[in-house]
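What follows is subunit A paired twice: with subunit B in the first complex and subunit C in the second.
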Partner chain A sequence: MGVSIVPTLRVLKPVGMIAGVGFVGLLVGYFANAAFFPGTTPVQPIEFSHTVHAGDYEIPCLYCHTQARRSPSAGVPSVNKCMGCHAIVATDSPLIREVARHYENDEPIPWIKVHDLPDFVHFPHNRHVAAGLECQECHGPVETMDRVTRMAPNEMGQCLTCHKDMEVEHGIDCLTCHK
Partner chain B sequence: MSLIDDFLARWHEYRRPGYYEEFDYHWTMTVDLDRCTGCEACVTACQAENNTPIVGEDAIARGRHMQWMRIERYWEGEYPDVKLRAIPMFCQHCDAAPCETVCPVSATYHNQDGLNAQIYNRCIGTRSCAVYCPYEVRYFNYNNHHWDEPLDQQLNPDVSVREKGVMEKCTFCIQRIRQAKDAAKDDGRRRVQDGEVQPACVQTCPTEALVFGDRKDPDSAVSQMLGNERAYTVLEELNTDPSVVYLKKVDADAA
Partner chain C sequence: MPNVDRRNFLKLVGAGGVGAGAGFMLSESRKHPVEHLVPYPVPPEEFSPGIATWYNSVCSMCSAGCGISVRTREGRAKKIEGNPAHPVSQGRLCALGQSGLQALYNPDRITGPLVRAGRRGEIEFDPTTWEESFAELANQLELMRTAGRGGGVALLTGGVRGHLASLLELFMGWLGSDQLLHYDFNHPATLYAANERFFGESNLPYYDIENSRYVLSFGADFIGHWLSPVHHGLGFGRSRQARDGDRGRFVQIEPRMSLTGAAADEWIAANPGTEGVLALGIARRIVDQGGYQGTDLDAWQAALDGYAPDAVAEQTGVLPDTVARLADSFAETQPGLAIGGGAPANHSNGVDALVAVNALNHLVGNIGVEGGVIFNPPPAFGPEASRHASLARMLELAEDARAGRIELLIVSNTNPVFNLPEASGFAEALADIPQIVSLSSFLDETTAHADLVLPSNTYLESWGDDTPSPGVGFRVGAVSQPVVEPLYDTRATGDIVLELAHRMGLDLAFPWPNMEEYLKYSWREVWSNGTPDPSIPDFDTFWTSVVRAGVWGDETRAPGGEFVPDAGVVEGIGVGAPEFAGAEGEFPYALHPYLSNGLHDGRGANLPWMQELPDALTGVVYGTWIELNPETADELGLSDGDVVAIESPAGAIEAPVLVYPAIMPGVVAMPIGQGHEEYGRYAEEHGVNPINVLAAETEPATGALAWAATRVRLVPTGGRADLVRVSGEARELGREIVQIADAGTPAAAVNAPAVAAAGAGAPGVRLASGARAAAGIDAPTAGAEAATANTRLNSIPITVVNT
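What follows is the complex of A and B.
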């Protein structure tokens, strides 16, 4: 007398259905999340292109992000900095007119932060610039990005690997980065 | 067998209190009880600097208060001839700290600067360290806290706001130490000079009862204080080897 596999399958059917529905839900959720929350590549209020500025015209990063050299925070350039050039360059482009509008109204441009470290991490940009690190090591090839994407995983492993490789003094002590 | 040989060879190393041959810095604080008036300015400064929450009346009634620094108050003698004894009490940063041996995840450990570190992200909230601490200076977040408007604007961005379920305590204002070290490196100097770091309590104390510095620098203000014959450490008999040294009160009426 043979043993049929059919009764076992019949029991497993609901399990399979649940798993199937769960899997489809996962897929839909994944793509919906990416569509509605483009966390790693946010759309900026003004489509500033790093390709044009840092790539084609080879403006050094620290020319605009000048605070990175002096302060823990890299900072975002003020509208004043933009207008330093754009008072005479490409003044009739619609994007620049938008920048000029902010400038005339004394309003900051509400840029969206791309690389946002958690609040419990102390990352002094000035120390890392002083150590001779290229911005691209963490931020990726920004000069080729029209819309900046978060390249750094913002995970502890990246910090530790680099601190170990560079033989930073007490670089892997927790209190070096955690606050 | 080599395992046992290895163990025996390193026996003394294992028996050494603390993990380090030598500290890089050895941050130390002295508290001159003869100068302390018990005004609690240091307590307030600490609370403001370190984002310590105001837990509210209910929590305090249940013994869940949070103050990294507190003034212990003792009365001596009978009325009307009473004397107030005020002792500021905060994490003693013991070099042989009981709390460090007990943490199952090493969220509290000794770092190379002689500091007893507390890493909030790693803490899983067993509260064992608080049980082991003979000074009762570790505080547990029983709740998430919030700061009413506009008090949230005064939170210190250099100190993380702790969440429910982690232990916290005095850090000797690690954010200020770190800043001073960064500044020293920026200047191309190797070491932080005496007087460059002041925790919030030291900076605030109106009578300069608190002195902070590096014990390894023989000329630092704190090293000078350590030679004082009034110096003692609290609960010395426990051999915790604290980094906070108290200077006894001088009693004019005592024999």
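What follows is the complex of A and C.
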């Protein structure tokens, strides 16, 4: 043992020592949470796989998220949209049986939002689709994700950088997004 | 190893653990809360999340029947606007109509059926189920019906029109009861009666303010709440500004300046209750000057014999010169329009006064012409006979209740306990009714007496239809569709009635499963009676187009025919002296209650937006106040905020004083709408209800409550209250708001509001020296004095006419 922390600890008053250890604990807890439970990959109520749908079967994003081209909100497909295929496809899978149960009971599926912007940000999907942006530019390679992860930070810098690069008219005005 | 003993080691482990836990939670709290994306299982047609859907419907906040367009997002109503295609509202809507959202989302709505648990009026209710309530109530109704006691059922609703009214008629007809009554405090019963007497039809004509070049209004606050304020406001604006270089002139005659009066070119205060006499004085002058050339000229001369200038001046307090000037300008500015409403219409001589106003229109030939009085066709659908109950009819109902002739009272969308004077004894009579069922959406004063509460949907959740009254000179029908699903466990009034009928075994008479189907069935008739439109091949297309448009009907006014009043009518023209409850010696002040623009008759008091809407003229928010002329206030030594007791022969209430210069001395005014004991958190504990000090005085021809016919005395209590006011400085402070113009330049009178004083010495508007000093200018003449009064309102630029 080269250096002993005993002398240091001795000088500290017991209260200070406890506070110090408590503070270290606080930092460890804080960053451990952020590192291990980032909340960017939530577990959905039904384990829908984008790898299968968008990847393997190459179903276009806008086939299900059809509102993205006309509404500020991209929307998630209604349950009857799922049943449009799954009335005949993979009907014996337990996951599909769960979807069918929701459909039969007229019960919506409470999907968890992955890309969530604060309420004070106005982000119209339709304008971005119209500008020719690929969904993946913000959402990442969703077609490779079994569980969707939030890839982009979705923070203001990302918006501004892109608006500057694309030379969007009024792209960096406050009121463009905050209105 | 460091030398840490066991005790300290445990402490450190504890501290580290707590710290780590706290850090974890801190990090957790900084994350976005989990938000869900909840799609519809099966989305409605054409639904897009994030995109608003607009539905056309009909406003039910007052009786005007404006068409509305409601913006909804994800199945929630967000905003109400006027329906541009509807000829009444034409895309506009008033504040009360806008705040219909707060009726929908009101936290004090009744969310499910309730059954009384405590004693009557103690407001203790237990939740119950629709199934149980329907079973019991239908059983009781069916027993009464089969035993021939159906006449013991009374159904009391607010103003109902269209097919819901027909359905209620049918239901009560099957029960064998004629106790189907509509009670609406603001129902213009005297106007219907006056029109029946003069025109021979009990209907409201279209008052074409828009195309009129001269509006002479006797107390009608047509921008505030008279009949159809949105439509009138729109028409008034156009009469002022839409015709290039031809600004419509407008004179308002009323004892207390209303919002409408403040927009007038000339505002004249006649003694309260003598407005009809003034109208006849003007009529006499028109006849005397040869302005009328009908074949029955002799009859008119005879009828107006008693209205010589001096006699009129003595009664009304308006100088003969003013009467002559009004008469001459009214006769020569064509087309002109005389209208009457408000206090003059609701006095003991209300019908006679309104007949006199109709007579003015006839004398100058403004009946059936553009810019005058245009007759409406009968409503396109709905019952023909009016079920509107006057005060006298309500007292009959109370008498029936006392005599035990009413076994079951169903109350829907009306609040007579609040809107009838305490002196009527209506609230007490409710105690003698064995069973009271309320269909109200809110726990109001009347519902507090209920044994069973079956809460109705709000109008934004219900199917219905309407024929606006007054119409616009041609047939109009409008469909009211639900814009959102019911938020709570409530049912539409029509559906409740249909369900009761079905459970009573009356399926054959009521074959429709619900109100929507009943409307569709009834509108088939409207369709087949209507003008065939070749582009609409079948009923379903027609129905969809009507629901989508929100309105159906004609688009042009038919030309009016020649109108000649009966000889008997002309002979009977005459306005007697107003009769007040309370002797003048004992009760020196005439009480002028007026409907608040936002709270209406009190129905708007549970809407926070309406509570926060400052009164347009005084700037007061919340509470009830009593308006006194500065002279009256000086006499009594009162100033703003002094609390006085307002005592009438019928009761007493207390309210703070507000010195208001635009009111006659000898008249005191109070807004109606506050003073709720029930009706939810926003309505309760604000102000007092002036209806409670009104005597149960009626207008003899109609039995309607003469709410302007009570005298009061004021007794200072020594108390003080803070009036919450948003209006700014009352003094001029060198801003040159008041300008003196010469009466010789008529342009000044036409282009800016002016106040004509009835003249010093006559009981017109005079101003106390205190107010003049406050206005900060020298006021050399009586006219100027009256005008300085106005500077104390809200900095309205005013031109004074020196008369």
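FYI, the second predicted complex is superposed on the first by the 145 of 179 C-alpha atoms of A that agree within 3 Å, B and C clash if a C-alpha of one lies under 4 Å from a C-alpha of the other, contacts with A are read in each partner's own complex, and residues count from 1 in each chain.
Here, a residue touches a chain if its C-beta (ideal position, glycine included) is under 8 Å from a C-beta of that chain, and two chains touch if they have at least 3 such contacts.
What you see is a predicted model; the values in this text were computed from it and never measured.
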- Which of the two partners, first being subunit B and second being subunit C, lies in contact with A:H170: first, second, both, or neither? first
- Message: Of the two partners subunit B and subunit C, which one touches more residues belonging to subunit A?
- Response: C
- Task: Examine A:V52 and indicate which partner it touches, taking first as subunit B and second as subunit C; both and neither are also allowed.
- Result: neither
- Task: Figure out whether A:N80 sits in contact with subunit B (first) or subunit C (second), or with both, or with neither.
- Result: second
- Message: Just to be sure I read the superposition right, which of the two partners does A:K179 touch: subunit B = first, subunit C = second, or both, or neither?
- Response: first
- Message: With both complexes overlaid on chain A, does A:L26 touch subunit B (first), subunit C (second), both or neither?
- Response: second
- Item | Which of subunit B and subunit C A:H122 touches, first, second, both or neither | first
- Mind pulling up the subunit B residues that touch subunit A in the complex? 24, 109, 111-112, 115, 117, 119-122, 157-161, 174-175, 178, 182, 185-186
- Sites on subunit A touched by subunit B in the complex: 119-120, 122, 124, 126-127, 130, 170, 173-176, 178-179
- Message: For the complex, give me every residue of subunit C touching subunit A.
- Response: 2-4, 8, 11-12, 14-28, 31-32, 34-43, 48-51
- Note on the structure: The answer for subunit A against subunit C in the complex is residues 4-6, 9, 14, 17-19, 21-34, 37, 39, 42, 67, 70-73, 75-80, 102-103, 106-113, 116, 118, 125
